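In what follows, chain A forms one complex with chain B and a second complex with chain C.
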Partner chain A sequence: MMELKTLKVRGFRAYTEEKEFTFDNHAIFLFGENHRGKSSTLNAVEWCLFGNECIGEKTLIPERKYWEIPNRNIQPPNVLVEVELRDKETGDELTITRKWVSARKDELKVILRDGELLQGEEAQEKLAQLLKSSFRDFLTTVYQHQEAIRAILTQDPRERNEAIDRLLGLSDYRNILRGIEMAKLGTEQKKMGGDFDNFAGAIDAVLRSRENDLKDKRVKAVEKGLKEDRLCEKGALGIASEVKDQLLKFASEVNLSLAELQVPEQWRDLNGFQEIADGEIKRFRSEMPDVKKQEDLFKRQAEIRALKEKYEQKENDWNSTKTKSDNMEKESAKLQKEVKELEKKITEKQKERSEMSTRGAVITEALNYLRLEGVDKNTCPVCETEKPDLLYELEKERAEKYEKLVGAIQGQLDAFNNRRNEINTWFEEYDSVKRSFEGAYKAIGQVKKEIGEALGREITAEDDPDAILSNALKQVDKKLEELEKAVKSKQENLDEIASSLGKMQLIVDILSFEEKKRIVEQIQQSSEYLRLEELKDQMAMLVDDIEKIKEAISEASHEAAEQRVTAAGRVIDNYFHRIANNPSISKIAFTLKVDSRGLNSYVFEDQNGRDLTPILSQGDLNALALSIFLGMAGSKETKQPFGFIILDDPSQSLGSEHKEKLVEVFDEVLDERMVILSSMDKELQDLALSKITKAKTKYVFADWTQEQGPEVNKE
Partner chain B sequence: MNYKEQVKGKITGKGNELDRRKKLWGEIDNAYERGGEGTIKSVLIEHSNSITMEFDKLLKQLREKL
Partner chain C sequence: MKTEIYDRLKKLHHKYRPQEFGKLCQKFLAIGFRMAGYSHVVERGVQGVDIDAAAEDGEKYTIEVKTTVKRSVNFEQKDVDGLQKKKVDGYLGVLAVLRLDRFANWIFAKAETIKPGSLVIDSLRPYRLSELERCICPFIDEAINQHFEGTMREGQGYLDNVLRQKGIEVSSS
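Up next is the complex of A and B:
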């Protein structure tokens, strides 16, 4: 066990100037009021041993989250802490010096007994070897920090169990288990197993798919008349050879050439063969002479049909205009005669109207004269006949006779003119019909000329173009019918060749699927796949080995815990009764179980088997925590690397009686370990000084100034 | 008996299996002695990586073949 020998502090938190402490007795007291530098002194020991491990959120101490190491009054920072340790058993001494460089960096030096100086990582490694403790171990087993008390009494079983494991000196088991769990090998193995299973599943799926494809293709092959013994490379190449012969023969028959077409030696090259053969079949279908002839005849047939249709149309036009023209010609003579008569009547009526107009004008003149001359109006100036109301009668006669008569003549004239206009319009239409007739006649002539050109002969007036065209069409149809039979036969021939090619392709597909299936099967048998399986098993074996090791660690930890609990249980019970002196608790049962993760689980129960923690007062709880802490620290069964414990203000919530008993317990603990007690409690200080029977060293923290830091006096 | 021996004594297995586990325990313990929990994690991950890296490489090759 390592004991503290000296401590040197400079520039660390409350410290400015360098101060040195000698731990020359087992009982070390740091007494003084608050804010005098006591805690900084204890913290300096922590920082020297563990560096940045004791800073930050990970420590689970709230005030450590933004902890500052350098004293703010020293610029630039000049922080150095040196701790001298001595191995109680061997007497070996060790000097550890830590110098602050920055918030993230410090310089560590370790000087061994023989004077060997270690620095940096080497020093860090050596320190870890010698102390065999993490900061968390130190916090729960050496430094009785209020957080350690809380960890022991927490309602969170995990945190409590871990704290007690550390108190019992079983940190190694727990740390190793944590280290193993951090590697997460189980997760890795699960992933690997999943990857392997997925891949194996993918192989099976591909194989099933290939087998189904093969089955389908074989069924199709049988349906197409292929026998089982032809479903092989030889069969496919044989069909290719037959196809080539058939194409050569066909080409020869239709007088066409065949492109370069080689039957390959391997079935894998048959795709190229098929591509060329397919192309040639398509070419033959369109280029064979009979098809060409057929195409020409179809064109000829369409041409004659169009001419026939055109001729029939023009002939219809001509016939209809001729009929109309003939009919109108007959009508025209009659209408010409009617026009002459009408013109005569119009002349006569115009003359009659003119005469009537003249006579009327004379009478009007005469009447005007008689009125003007004042002639007796009842005597006619011509015949001197006496006539009553002569002027009135004459006026009436003129109006009735001449105006009425002129109106009637004009009505007749209008009727004659209208009829004449109608006839003129008819004649205009007649002229139009005659022109259409002439046009239709010319059009027929043009079509006849076209027919003549198309048929290569002259079409005379005696010929019937329609009949000639019908005959020509019949001849074309007959030739087409003959050709169709020939072409059909050749197309059927090509169909057969194409069908053979299809069979060949079917065999190629079967061979291709078989090959793909073989490749997948080969994957399963390949050395890579076997190695993959082997690696998966290796990983499973590693995880299994780890599980067995974890079980062994858990069992060994449990066994060790049981021994120590048995031993410390009595001490804890004893300490608690003495410190708390609670009459309602006659016995504390400190028992051990194993939790679901194989870790130690501790239970504190009263004499009635009930959990103690919820029923104790704050003072009792503190007494219980101190009892556990001191019971473990004082127990010979627990194995701690440190031969000292640090108690920082342990009398919180304790009454006078509690304090007195606590000091008595300290006195017993001092038989096993050095006790560094820091307190501002005057009552506890006095009790410690008077009741502790071992040699004591007392440091009084009298004052603190910004410039000089703590004023410390050794007494 | 220290914890190393205690754990070693509790490890079960037959023949080679037991030897292998004890050897692995030795490695874990050495790692812990050297650098604590983090070093155990590193050593075990190294063990695992020696398997997984080859596994992943082979799996990639075989997937490409498939």
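Up next is the complex of A and C:
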């Protein structure tokens, strides 16, 4: 067991300047008021041994969550803690130095007894090897921190059992068992099986769907007249051979060449065969001579029909213009005569109007004269005849006779002119009809020429092009009818070959699916699958072996716990009676069970076999926690690597009597371990100094200043 | 498992209820042992261990048969007791498990170290009698191929006749 020999602290939390402590007796007291640096001294030991393990939320100590290592008054930080340990049995010494670099990093040095210096990871490994403890182990078994020790009694059973295992030095067993549990090998094994099941399920789903397709294809194959014994490679290749023969025969019949078409040796190559054969069937359908002839005749038919239609159209045009022209010709003589008469009438009327105009001009002149000043209004200036109201009479005569008459003559003239214009327009139309008639005649001539060219003969005036075209059309239709029969028969022949190819494809599909099924079978024969099987076997064996190891560890842990509980149980019972002195509890039974996971489970019961924790006061709980801690520390059965325990302010919630008894217990524990007691409790300090019978070293934390840090005096 | 065998077993499973399907598999297994050369084979349809198989060279197996479509089987205390009883006569207790799955095969596991309860089939792997599996399984497949049509038609009665014809002792009531 390792005991503390010296401690050197600088710049760590409450410390500024370097201070050194010598642990030269088994009883070490750190006395002083609060905020004098006592706890920083104890924490320095922890930090030196465990570094950042003792900082942060993971420690489960609330105030450690945001813990700062360097003293804020020293800039830059200059933190160093050095602990010297001595092996109680061998006397070997070990110096551990930890220097703070940053919140995440520090420098560790370990000097072994032979002077060998280890640093960094090497030092870390060696230290872990020598201490054989985690910080949680240290906190539970060495450093009696109030929260940690009370957790033994008040937290959930799992944590309590874990803490007691630590106290009993059984952490290794528990950690291994927990490690095995956390590895969840069984779950991994199930997952492995599940993953493979998913893979198999996916393959199965694909195969099931293909199986339905296969059923359909088999039904179709039967419907197409294929017998079961042909649904094989031989059957498919046989059909391919037949198809090739049929195509060759057909090609020969229609005088076409067949592309190179080889019947493969394996059904897997039939897709290529089918592709070529399909292409050839399509080609034959479009390129066989009868089809070509058919196409030419269709073109001929269309051409003749178009000419016939054109001729009929032109003939209609010619006929209609001819009729119109003939009719107009008959009308034209009559209209020419009418025009002559009209012109005569117009001349007469123009003359008449001219005469009337002359007479009117005389009257107008006379009227103008008579309207002059000084003229005899009753004497005619022309004939000098005297007539009363001559001006009035003349004006009346001009209005009633002359103007009216001239208007009538003009009206007749207009009518004659209009009629003459109408007839002129008619003649213009007649000229146009005559031109159309001539155009239609020419167009017919053109069509006749086209017909002649199309039919290869001259169309004379004696010929009836329409009848000639009808005859030509009939001949083409007859030829087409004959060809259609021949083409239909050949197309049916090709349909049969295509149908054979379809049957062959059905067999290929069936064979392809069956091959897929065989591939699935081959998966099970593959080296990868066999390796997977091997892995599954190995995994199962590993799970089985680990389960056996777990059982063995659990049994060993239980046996060791049994021994230690038996030994410590009496001591705990004794300590609790002495410290708590509770009259209602005559006996504490510290018993051990094994839980469903194979882990140790500890129970503290009273004399009546009932759980103690729910009925204890705060003081009693503290007393029980101290009893367990000290009982374990004092027991020779507990295998702890540390030969010292640290008690930080253990008298919380304890009365005077409790404290006196507690000090008596310390005195006994000192037979086995070094006890470092830190306290601000004056009563406990006095009791410790007066009642502890072993040699003591007392450090008094007298004061603390920002600049100097703790003022510590050794007494 | 060959896909052909799987397809056939699936059809049998589909036609008959799980319990009867289990009995059919048990009978195929008995035929498999007989075909593999085991001279004395007993198949029990109702009570006791499902199959006993003994060879001339003294190799003796007493077999509890379990079939399932799941990933686990129930191995009960009565099964353990039944197998245990035969141990005195020199029989090695075997738990024969078939999971009806495309990628599954028969697992023959040495029963004496297996604790009763609900067993994940994969957890039987450490106790596999691989040599025996390799020897018997091809014959079981053959038996299924040979007698599939008859079994589909007539079920257990058909297989009982086959068992008797092959000189297998059948105890069905």
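Worth pointing out:
Just so it is clear, the second predicted complex is superposed on the first by the 415 of 715 C-alpha atoms of A that agree within 3 Å, B and C clash if a C-alpha of one lies under 4 Å from a C-alpha of the other, contacts with A are read in each partner's own complex, and residues count from 1 in each chain.
Please note the rule applied: a residue touches a chain if its C-beta (ideal position, glycine included) is under 8 Å from a C-beta of that chain, and two chains touch if they have at least 3 such contacts.
These numbers come from a predicted model, not from an experiment.
When the shared chain is aligned, no partner comes close enough to touch A:702: not chain B, not chain C.
Of the two partner chains placed by superposition, A:415 touches none, neither chain B nor chain C.
Of the two partner chains, chain B is the only one that A:178 touches; chain C does not reach it. Once the two complexes are overlaid on the shared chain, A:204 sits against chain C while remaining clear of chain B.
When both complexes are overlaid on chain A, the residue A:518 reaches chain C alone and has no touch with chain B.
Once chain A of one complex is fitted onto chain A of the other, the partner contacts of A:536 extend to both chain B and chain C.
Residue contacts after overlaying the shared chain place A:117 against neither chain B nor chain C. After superposition on the shared chain, chain A has more residues touched by B, the comparison being chain B against chain C.
When both complexes are overlaid on chain A, the residue A:552 reaches chain B alone and has no touch with chain C. Of the two partner chains, chain C is the only one touched by A:193; chain B is not. Where the contact sets of chain A with chain B and with chain C meet, they give residues 192, 196, 203, 520, 523, 536, 539. Residues 189-190, 192-193, 196-197, 200, 203-204, 207, 517-518, 520-521, 523-524, 536-537, 539-541, 543-544 of chain A are the ones touching chain C in the complex. Interface of chain A with chain B (complex): residues 125, 128-129, 134, 172-173, 175-176, 178-180, 182-183, 185, 188, 192, 195-196, 199, 202-203, 206, 519-520, 523, 526, 528-529, 531-532, 535-536, 538-539, 542, 545-546, 548-549, 551-553, 555-557, 559-560. Taken together, the chain C residues at the contact with chain A in this complex read 1-4, 71, 101-103, 120, 122-126, 128.
Taken in their complex, chain B has these residues touching chain A: 3, 6-13, 17, 20-21, 24-25, 28-29, 31-41, 44-45, 47-48, 51-52, 54-56, 58-59, 61-63, 65-66.
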